[in-house]
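Attaching a single structure in structure tokens format; questions to follow.
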């Protein structure tokens, strides 16, 4: 993709204090011609799991060679390691706290050529790194030096990919004939995403008998597009991320179902009427 | 303006889920050196009219050759056409739902060289376009390929500009000696814009007798700058967009007048004391 | 840092109306290859002091030669001067209303080579500047022409740096054995920053006897990192900006102390138990 890879930024910093801007200033001081893309700075504060999800649904759409600078870092300054991970043709720079769990599940379990290093070479740090803003003083410089052509291995000693922190990523499970799934994300439109992806998501959507129970509501409508959905009922669809999801046309499924906007991961869905799909899955 | 045109993005996606970032990843995978500008991602959800207004007030400030990637798309995946429009020296890519109504009114009615195509050439789509995120899978690639030098006509078959969907754009109308106008936008500062532009807006501002009725309030103060306005009353001015508008110094006219923040287009203004201006207009 | 300096933008415009995007369109029409960085567009409306603070904590992290385009401008169109200031190896463009107070305090008091001009050369304005959006019509063009290589002195007549408007920047003061300080900023995480910086901030943090009174609360805990802080009490730390600050782990110090989110500058802190530090300071 040309000589200079882009750097994509994902943080929980918000934009009001200038923290993402400062990281960009640092980057462009090191690697002036680097294209910079904000993936998001609106991850819920310190919500590593939420950051991991957004990164999961986004990274494949960036060109090979892209560097992801990811900072959701409640443990900044503590013993948690600052890392870089090379996997799936991209590089991911950030704290070792589970932020790259989906990347590892997708790319590092298939005997891929995933590699990791600990960011330990002070040559690629700010002059006097602070204890509370490694995004500015350690992670942004690392990403910038990579963009400037420094070899991945230069950043610090190799770390076995198996040693990286991974979040528990719950999979849908069968309880008798019912599939028990979890919510994973609520988006800007109030659409509710689940952890049912791939062929199973499609098979469920194509099943006219499907019946979803969530938060005391029962949902049976389904559609392939928002415009196809019923006028006012929450309906099932497969999101552009490939996951089964719930939406309300001209409204918010999150509001309609009165789901909380935080810790959505706790929320369960029970999916019935799809017992014939069990064979292929279990 | 140099070899690589910029792409400006306007959506209702918000920034928390990474949707705009993903579109940029797609663009830079196709056209790596493209300058990207966020016009806004905070158009009210699915509010095509609001997107059309912001685009209207902004597009002329971008260099000729700029590509606008505009996605406010409640009908994504339905029969509504994905289009590109070349008009006013720029290119506008997005759904055919009225988002380009002002551009068409400004540029395509004067026997200009406006042209449109339907985005129908799958060569310039993502490999397997989703049904729910054409911003990522159809519109962003189209904008990127244009930036990369693909000819406009390559994107799909020509479409008569007259066939494009246009919103009804209400014009101010005289009822006897009173001019009836509409609100068009409320900005970040609570300033209220109207659909009275051009010479008429200036003439009204320069008229000491003018009296505006809106939402049960009567407004007679006017000023050329915010600093000139009265300390605590709402006052008339001509906005930097060229439209007559209402502001409150050190405050919000929207709050002062207790206007709703959504569907502002329904709100009427009655303007009296300017009957001598009627001649030139009617 | 290469041929083309970056332009960093700081405003109180928000992003919903496209105002920052329009400024970028203007810039890229004049200086097409300029890297653009959003420092922030979320300064509280018309809060010059808040803009000055964010700029203060950020500017040193941008490469030398960077141009800062800063627009928090309640006096737009009035007699307040539009200026450019060259100081600290960067250029700052914006209204003369105190926005550059910290820059002046840091860079222009040490007989440095700081220089200022009034933006008065219409050659570097938009064709017909509006009265209410100098960001678009005067400041963005000035920044862009600088990035395009126009000499600083070309923009208008020199202005003595001493003549620029400066906000009163309160310093911590001793009242007997108690140090009286002020709040300066509340960040996205609810961390509360003060005006105690430098060696004094570090000395206070390292003092086990320190006792801070603020808004009726007494704070004695301290930590070097967030992870080190107590589970549920507000604690003292030195922020990455170098200033003494208050945080709550997994929470917001602003919420815990019930501080207002606006006019935070009024809020006082009384710091006791550090009388031995007085010698070196007074």
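All chains are identified by letter, namely A, B and C, in their written order; residue positions are counted from 1 within each chain.
To be clear about the criterion, contacts are C-beta pairs under 8 Å (C-beta built on N, C-alpha and C of every residue); 3 or more make two chains touch, one makes a residue touch a chain.
Nothing here was measured: the structure is a model prediction, and the numbers come from that model.
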Chain A on chain B, rotation in degrees - Cα superposition, rounded to nearest 5: 120
Copy pair chain A, chain C: interface residue numbering same or different (half cut): different
Chain A and chain C, separation of their C-alpha mean positions in angstrom: 32
Sequence positions of chain B contacting 2 or more other chains: none
Residues of chain C touching chain B in the complex: 13-22, 24-26, 28-29, 32-33, 36, 45-46, 74-78, 80, 130-133, 136-137
Partner chain B, residues of chain A touching it in the complex: 1-2, 6, 8, 10, 35, 37-43, 54-55, 57-58, 61-63, 66, 185, 187-189, 224-228, 237-240, 250
